[in-house]
Every structure is written in C-alpha cells, then in structure tokens.
Amino acid sequence: MSSSTTTTPAAVNGLATSPAFTFSASTFQKLHPTEFFRNFVSQGVRPDGRLLSSFRPTTVHYGVITTANGSAMVRIGGTTVVCGVKAEVAEPKLDSPDQGYLVPNVDLSPICSNTFRPGPPSEQAQVVSESINRVLKESKVLDLKDLCIEEGKAVWALWIDVVCVSYDGNIYDAALASVMAALKNVRIRKPTYEEGVVKVPGGEAADDENSFKLNLARTPLSTSFVLFDTSLTLLTDPNFAEESISQGQISVTIDEQGQLCAISKVGAASSSQTLLKQCVERARKRNEELRSIMNQ
Amino acid sequence: MALTGLRIDGRRPGELRKITSTTSVLSQADGSAYLEHGNTKVLAAVYGPREARHRALVVHDRAILNVEFNVAPFSTGERRRRTKNDKRLLEMASFIKQSFEPVVIAALYPRSQIDIYLQIIQQDGGILQACINAATLALIDAGIAMTDYVCACTAGWVEREAVIDLNHIEESSDTSEVTIAMLPKSNKVTLAQMESRLHVDKLEELLSLASEGCKQIHQVLDKTIRDRAEDLAQKMAV
Amino acid sequence: MALVADAVVPGQRLGHVQEFNAGVGTYSRQDFIYASVVGLKKITIENNELPTMTVERENTQSAMPDIDAIVTCKVVRVNPRFAAVNIMVVDGKPCTDDFQGIIRVQDVRATEKDKVKIYNSFRPGDIVRAQVISLGDARSYYLSTAANELGVIFGTSVAGGSLVPISWQEMQCTKTKVIELRKCAKPM
Amino acid sequence: MPSLISPAERDYILKGIECNVRADGRQRPDYREVTIETGVVSQTSGSARVRIAGGTDVLVSVKAEIGPVQVDPETGDGADKGQIVCNVECAPSASQQFEGRGADDLNNELTQMMSRFLSHNTNTPAHKSSSTEAGAPAAPAGPGGINLSKLCIIPGQQCWVLFVDALVMDYGGNLMDAIFMGTRAAIYDTRIPKTEVQDLGDGQFEFEVLDDAEDTDIVEGREDMPICVTLNKVSDHFTILSLE
Amino acid sequence: MDRKRVPGPELSVAPLVEYPSDFKRWTPLDEIRHDPKRQPEDMRPIYLKTGLISQANGSAYIELEKTKLACGVYGPRPVKKVGQVFSGKGVLYCEIKFATFSCAKRRTNIRDPQERELSQILSQALSPAIQLDKLPKSAIDIYITVLESDGWGSCVAAAITAASVALAHAGIEMLDLVAGCSAAYIQTGPSISSSKDSIAASRPPQIFMDADLEEEKYEQGAIVLAYMPSLNEVTHVLQSGKAEGSIISQSVEHCMEACNKIYAVMHHALLESINDNKEAL
C-alpha cells in the first residue's frame, strides 16, 4: 500500500462529507480509491511521491540462477520478476524441420499478490504470456534456425519461464525486460549428435570455445501507461493501486533502433491521437534509459 | 466347448460359479458386504442416509443415491491405474444407480444422501453383476428400507450354446452377453445391458436363462442375510 | 548500524512470571514470559501490583474483526432478513482482504426492532460503520448498527449525488435535494 | 474430520492413558492383534492382507512387470538397476473422511513416505533407484534392503519394475504399520519368473521369460525390508497404535 | 502442456552430459567436502532479508550460496475454501512450488506429488509454533517459490526458516521462531568393500551438515530437523535412508546446535526490518 500521508482535508471536492467524518489516509484510500487519487493527480503528483510522468527505480541483474542456461532478475519499484531459460532437446515440427522452439510463459503465482489464487494461470497471466510470445515471434528477435542441432531430428527448445516474485503493477514491462536480459545471458554447450542421442560436453569451464551464446537480432523493450479517471490523465509506469482504478492501458514496445514493435491500447476510454503520439515519444525516451540500465 | 457339453472351467451351461459372501466386514461403514463370485472379488460399503456433500444436489422429499466405483490397480492381469473419472467406471456406476433407484424407498430419508462405494479387488468377468449383488447386501446390512432384493446375472451365447455367468475368458472371446438385474419377488427387470450383436429370438432365451440365474443368486444372498440375522439375534439373546 | 536496544523477536524470554504480568504481545508458559511478536519491549508499572511486560508490535498484523470492534464496511446485498456487507476497515486499520459480514434486521436499531424495514435502512453501495457483535457462522460475522454513532456514513443517492444525513433516519441528496430513508450514523 | 469425540469421552481416554489403561483395555505399549495372510490376490506376483483388530484392513499387491531402465542424464547411473514404484490408495469405502477428494492428501503422503523408505532417493524429481556410483563406495543395496541390481535383465535397456500397490479397505487407525507389514509380507510372497538373455552380438540382446511356475526367483534382500512402529504422543505419554 | 500456457514441444528432454575422461568428479572417498573450504560441520553462509514482497503481509528471501527461495505470508484473511465448517482456530495453508528452472532437470509448472507432500511437511513443522487460537475463522496462507535448489534437504530447511521469519514479519503471534536444518550421512574413507556383510566393519558414515546436491548423490541417509531454539522443542523430524541409531541421535544434536546459529541470523534479519521501518517513516 502507498505510504500514508496526513489526514486529508475535510472539504474535499466532490465528496461532500460533513466535517464530522474524517478518515485516516489509508482508510480513505480503501473506501474511495478514485477520490483519493483524484486529489493527488489534480495537483500533478502521485500518492507515492512520483510525478505523473516519472518512473520507479529499475534494476537488472544477470545470471542469478546457475541451474538455468540463462537467467535475469528485473525489479521495477515493487515489482520483482525472475526469468530463467532452460534449453532442452526436442523433435522439430514437420513443417519446419530446421527450426527450434521459443516458449515464453509468465507465472503470476499467489506468492506475488493477494489477488491471485492457486491453480491454473489467471487470465492476466495468459494475456501477458501471449503478448510476449507475439513480440518474440513477430519482431523476429531470434532466428529459430540458430537453434537447429540436426535438421529434421533434433532442435533446441528454449523454455523461457518468468516467475513473478512480487507484483506491484506494470508486469508486462518487467517481464519483457527480464526475458530479453535472460536471452542475452543464455549460454548453451555445443551439442554433438550421434544416432538419435544429443550429447553435450560436461566439465567446469563454459567458455566461448565449448559453448555458444544467442545472437539476438533485436531486443524490444516496452513502456506502459494507464489512463486515469474521466480526465484521462496519463500515468506512466503504474503501480498496483493505480492499475486497479485506471480506465485503460497503453503499452508501446520499441527496439534498440527505435523501430516500433508493438502498440496495444486497451480499455474503455477512447483517447485522442495526440495522446498516442505523446506516449510513443515518452516511450522512446524511456527506452534509451532502460537500455543503459540493461547494458551496465 | 468340450464334447461333453462342459465349459472351459468345467461348469454346465446353466451352472453359476461358486458365490461366497459375508456382511458387516468394515468397521466404519454403516453397511458393508464382501462378495466373491468365482474369482471376481468385490467389496461394497454403504454410508448414509447422511448429509449431502453439495447443498445443490439435495432433493427436499427424498434421498439421492450416489454410487462410486474404485478399481484396484492389481485387479486385472496387466496392472493399470484408472483415474477417478474413468469413463467406463462412471458408466458402470450410473447403471448401478439406476438399478437401485426403484428399489430403495428414498422417500423415507428426505434431504439426505446414500453413498454406495464399490471396490473391485479382483476381476474375472461379471463385474457388474457382482457389484449389484454386493451392493444389495451392503444396503440391507445398512438397514436401508428396500422393496425387494436386486439380483443380477449375466447370460451369453458361447459357441452356439446359451450359458449363464460368464467368466473373463468367455467374456473376452467375442460372444454376445447380456447383464440383467431383477427383483426376484415381483419378477421385474430393473436393468438390462447388452453391448454386442445378437439375433432377436436368441435374446428371449438368454433373458429367461438369466432370470433363472437371478433366482439362484437370490437364494444365496437371502441365506447370507438370514444367517447374519440369526447370528446377531443369538449374540443379543445371550 | 546499531540495532534498536530492546527489540525482541517471538520466543525470546522476557522475564519470570513472578516479576511481571504478561501483557499484549507476550505469552506466559511454564512460569516464564516470552515475546510472541517482533517489536520493542516495554515495561509499564501500574501503581501497586506487578509491572506488566508488553511488546509494542513493530509491523501491525493485518486487521481482523473481533468482538466489539468498530468496523467500516460497504453494503453488497440486501434482503428482507439481513444486509450482507464487505468489512473493509477494522478499528481504523484497513484489512488486506475484505471479510464478510451481515447486519441482521433485528440488529439495525435499538428501538422498535420488529418494525425495521431493511431497504429503508441500507442500500447496496452505502458505506456503513457498525460494531461486531459475534463471530457469527462459518461465512460471515454478525454486525449491529444499534448505537447512535453507527449506521450509514456515506451513500450515493438514486440520482448519483452523495447523501448528507439530516436526521437519524433521513439523508438528503446534494444534487437533487431528494430525501432518502437510511439508518444514519450521528456525526461524532 | 476425525470422528467427533465429546470432551467427557476425551477426558475419560486421557485419564485412562495416565494410569496405563486404554479405552479398549490394553496397556500403553500393547499392540493390537494383527493377522497377516499371503497370496490373497491371484493375478499378482505376490500379495498379502494385513488386518489389525479394531478395523484396519490393508491389501498389498506386488506385480513384477518388464519396463525400460531409468537413466539419470546427469550421472548416467541407474542403468543397471530395477525399480520399485509404490502407490497407496485409500478406498472411499474405508472411512467417512475419504469421501470425494478427502483421501487425496493422505494417499499422496503415504505414497511419498513409502517410496522414500523403499528406494530412498525420491528427492530428485524422477523416482529413481538408490544411486551408487561404480567407483564410489558401494553403499549397501538401497535402504529398502532390496537388491535392485538383481532386478536388471539387460543393463541399459530392460529391467523388472516392481509395482507395489497398497489398498486400504478399512481404516481403524495406524495405517503406516499395516502398510509396511503388508509390503514386507507381499515382497516375501513375490515370485519373479526367470529370464534367459541371449547375446545376439554387436551389443544387441534378446531375452525371453520362462513361465513355469515352480522355477522362479525370490526378491533378493527381502529380509532387510524396514518395519514401522507408530507411537502416538497423548498428553505426555507415548502409546502404541492408539485407536484413532 | 495445458491450454492456458503458450504451448511448447510435447516431449523435450535434457541432453546427455558427457564428461571428458580426465574430468575428476568429486567423490567422498577423498574425505573432503564438495566445497573444499567447508568442514563437515560447517553450514553454508545464510543471507536472509525480509520485506521483499510489497503486497504480502510478511515476506522473506533466503539464500544459501546456490539455494535461493522466496516466501510470502498472506493473512490472517477469510477462509476462501468453500464448505469450511466454523473453526475456532485459524487454519494454516502452505504451498511450496519449485520454479521450472530451479533444478538440473526441468520441472513442470503443475504441482507434482513431491511438492504436495513438502507442503504438508512445512505446515506440520510450522503450525505448533503459531498461536492459531488467536485467529478464529481466518486462514494464514504461506506461499514459497524455490528459485534455485542446491540439495533437497537444504531446500526444505531453508523453506522452514524463511517461512518462520515471514510469519514473524507479518506480525502474526507465534510461540517461537522455527529454525530448519539438514544433514546427510555419507560413507567416506577408502576401506569400503562392496560386499554387504563387511560394510559393518568399515568406518561409520560421516555427518555432513547442510549437504549440497553433489554430496546428496552419495548420501546413505539424510535428516531434516525443524526446531524451536528458545523453547528447545523439536516440531518436525524427517529422516530418510539407512543409519544406526547412534548416528541419528548424533546428527540431531548437530542439527540443534546449527539451529541455534540459524536463530541468531533470523533474529538479526527481523531486527533489521525494524530499522528499515524506522527509516521509511
């Protein structure tokens, strides 16, 4: 929950409570979340102290999991995701005998937020997994032919699994960034193929000589915004509370050459053209910033 | 079929396999029965009338019947673990449910549920008939009001000869067989189930043969119940 | 960095039963007093008898309704016998997951209990302040709004404007000035 | 939920245990009367039925079937070992609380415990037999006592898989002891047909099962099978095999 | 895979690892541990931090070199499971999930029987330490995600420790913290002959505290102990494999001493969370 500020002034526009009923800030936010936010947004600031267009602190760590071929942890404010990539051997599809598999999945388990229940993936998890899958396929991040071991017989299947450890909004940006960082960190041992069995050299050192990295054609990264209230003010990098009371979401995915990979605008509110341009512009700026963090 | 007119396991066409059955074998069940029909061994347990598991299923003026089948993985020759909602088992369970619905006087136990659990320990043909007979014993042992026994028997056409109570080998050679469940007193048939091709006039003969078999089974079940009752009476009298 | 001097963790032995009474945040077991929560150890001395040992809880446990707690809740469903509510705040502390509660028709007010019409007391969407009178059944707590300062504190009128209490059983819509019947809470 | 006991009855049982007399007249350390029969189910390699007076009735069957060898890709071992696969099932007829999905957790717990005690290394996801590296100190045959190497037919390809299935027919408390006694008796009763392996040259092998009933093997190392005794802590006394 | 996830190939298998002939795998024969720096009774250094999950009432993250797992505690909150009967006591619900990339062999997303049993072990180990009668009609949900597992026993022990710290961080009233510790019995020393009867003559197995995956491959038996250090009470013992009585009681002693050391780390982590709150205000 956002840290609590002092008691809100009694005379609050639109809420004609008589002076007798004053609440503590957290109670007021719980009972009337939209009202609570409207007070802040009207003064151009957010409950957690950020400006409307500022982002939460973001950190990226590589190679956090040694049992995975490649891994990364991304933390955007309160949202923490860990992505692990495991390479396994599989038979190629009949119609694409020399192409490997790229299988991204996001897992929003009940550990990361009290809104998720145990059981099969929630709708939100499926939406995020599917959109990441589309970005990887449509913008040809990785040439699947690089994953071929023996045409028609054996190919690499990269199982990309994102585990959300803590959920505080904006899961799509964090998940996509973690997938890209993990793919950059992947290192697979050079396989040898003999009559149906794929062998990889064991031993300690995995250096460039006995293993290979993936060469990523493009690394798309996304920036998300939400439209708040009837005034459709734009909030960047929404946290969980802002997301749950927003009218619509906009996500802009851009790669390192600045080309647009995907735009998705979801939600009831219809918004003007200029707003979309504004989002793309801000996303471009954020993109550079995010890339510098990732390349440290 | 040997020339002497005997079947594979040495029985005459109209002869039943050996049936041994006992009741009240389980400590926690309201009523229970263990029945061996040849090598087919079945354990039946009855819980109820008790509160329904799902409030939605409750019927205000009578009890609902719930039958659950459970097959031991080692019951057949080749080990096979069947999941809880195996289609074949659910189908068998619904057969048994239908054959007992007209017999149990459900109106005496409104808004309640009667559970019949059948546990197959060993399979050697005639599963459905063994389960129905065992369920009858378990229901009576549980003291649930019933208008009549339900006795089941199978009959089939093996190498141009009408036989009753087929074992596993006879069942698996592509014979046509019918299972019927009957109320011995009123001679009514509550269930007739056949899944193979059979000529119409042959059916008439099979049905009469099977009902003959049911009467014999009725005597065996009845004897078990009466012996049990006398045994209890003596214990109480002493 | 210096850790806070007398901070304690659950299970830490604080003293002997003869020396202290076990206060909030502690428990006694086989003549010893142990801490049961993470927090700061405090010894409060009343005038005469034994000083009581308490542990002032550091991170508050998520709020949970218990008997006589004043709760703020939102009406979800209304039927002639009771109004179903979601308990959102307990004694001023919001709870992470809403608890279920019901206000039975006989607990709406203290006077003329049998002549209460529930739809003239609560409507779905109203914010109500109530008091927990019992743990109720497996699903919901039993609440009461009998006291004067309990009842509807915020509601939206049919026309959508917010309602202002003008008497203990009437509220007026700020937009259309229409009077609607509610069991209102007397402003404190 | 276990059968509801009224506070008075609970107090009666507790007081009884205090002065070493239990509700059914036994002393604290006394065991209930146990009867074990073997060979009760015909189409199995070995079977046993354990009945503990007071209502626990468990049927354990062992079926030996031929299956592929499970090789651990990491260490490559397990290639010359047979396997034991355990499975415990509480029939819903056994007790009121096994209605619907009630028995799932208990089934899973007992199955995991059985596999842990019989083949110990269930920690790694795949149920694999106890691992002894060739060069490393050869730990004695798995903690279950059974010598799994004897169950191997063709190293690296085929081996015997012992399916141990326990079926709880009636639940009168203390399942673990009953299941273990039943498993030990069933493994004792198990007869595995002999196999003849022909070497077809170039590493190809062919084997054939001889199915005459008399000439069969017993399970090697069956006398080391673990036995289990359950102690229940009631107030601060230990009692053996309490009723519920 | 099921319909609700992005589908991958039906069957995919890990490649066979072929070690070069000169590669020397660690074996207990040469009587040093897999990590030469560690003595048999040394535990791996523990990194323990609270407050990792913003939405959870209480949370903890624990790292033992390669073993990493996160734990979130939600509650007390209303019991969601339908058909619950009124209970005067709180209900503890535990769920542990291994991430698919956490072990050498890829694990499935769907909970497998082993995780279900582990969840039961955890709730048995923790429930004696929580004052459930102070939380009528409500449930405490403990969720644990294992990000990387280096040794099954150490994973279970770390899960118990992390869950207990997360419960305290959630402000739930407890009798005591519960520290978890694991040990393995490994046959070391050269004089081992393979025949069964002479085993008894050789040296008794060595107790390795907090064994990692490589050491676990050679263990004869293992023990996981859940222990309340301040009340000096054991809440759960999980012993598997084969060992003489003396070895087991000796390893229980070692585990209890180790639990006292772990208790200090838990104590420190919880006090740090107090300072963090001070700075945040």
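Order of writing sets the labels: A, B, C, D and E. Residues in every chain begin at 1.
Note that in this section a residue touches a chain if its C-beta (ideal position, glycine included) is under 8 Å from a C-beta of that chain, and two chains touch if they have at least 3 such contacts.
Because the structure is predicted, anything quoted here is derived from the model rather than measured.
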Under the touch criterion given at the top, what is the topological distance in steps from chain A to chain B? 3
Which neighbours does chain B have in common with chain D? none
Most widely separated chain from chain E, with each centre as the mean of CA atoms: B
When D-E and A-E are ranked by contacting C-beta pairs, first comes A-E
Chain with minimal offset from the mean of all protein Cα atoms: E
Would you mind checking which chain's C-alpha centre is most distant from the centre of chain C? B
Centroid spacing, where centroids are CA-atom means, of chain B and chain C in whole angstrom: 59
Roughly how far is chain C from chain E, going centre to centre by Cα mean, in whole Å? 38
When the centre of a chain is set as the mean of its C-alpha atoms, what distance in Å lies between chain C and chain D? 53
Which positions in chain C touch two or more other chains at once? 96-97
Would you give the residues of chain E that are in contact with at least 2 other chains, written as numbers and ranges? 13-17, 55, 74, 77, 85, 103-104
Which two-chain combinations touch? A-C, A-E, B-D, C-E, D-E
Residues of chain D defined as touching chain B within the complex: 41-44, 47, 54-55, 57, 59, 61, 63, 65, 87, 89, 91-96, 99-100, 163, 165, 167, 169-172
In the complex with chain A, residue positions of chain E that touch it: 2, 4-9, 11-20, 23, 52-56, 59, 66, 68, 70-72, 74, 77, 80, 95, 97, 99-104, 106, 109, 141, 143-145, 147-149, 280
Chain C partner contacts - residues on chain E that touch it in the complex: 55, 57-58, 74-79, 84-87, 129, 131, 135-138, 168-177, 228-231, 266-268, 270-275, 277-278
Report the residues of chain D in contact with chain E in the complex, numbered from low to high. 1, 73-76, 105, 108-109, 111-113, 116-117, 120, 122-126, 131, 133, 135-141, 143
Considering only the defined contacts, which chain C positions touch chain A in the complex? 72, 74, 88-89, 92-94, 96-97, 127, 153-154, 162, 164-165, 174, 187-188
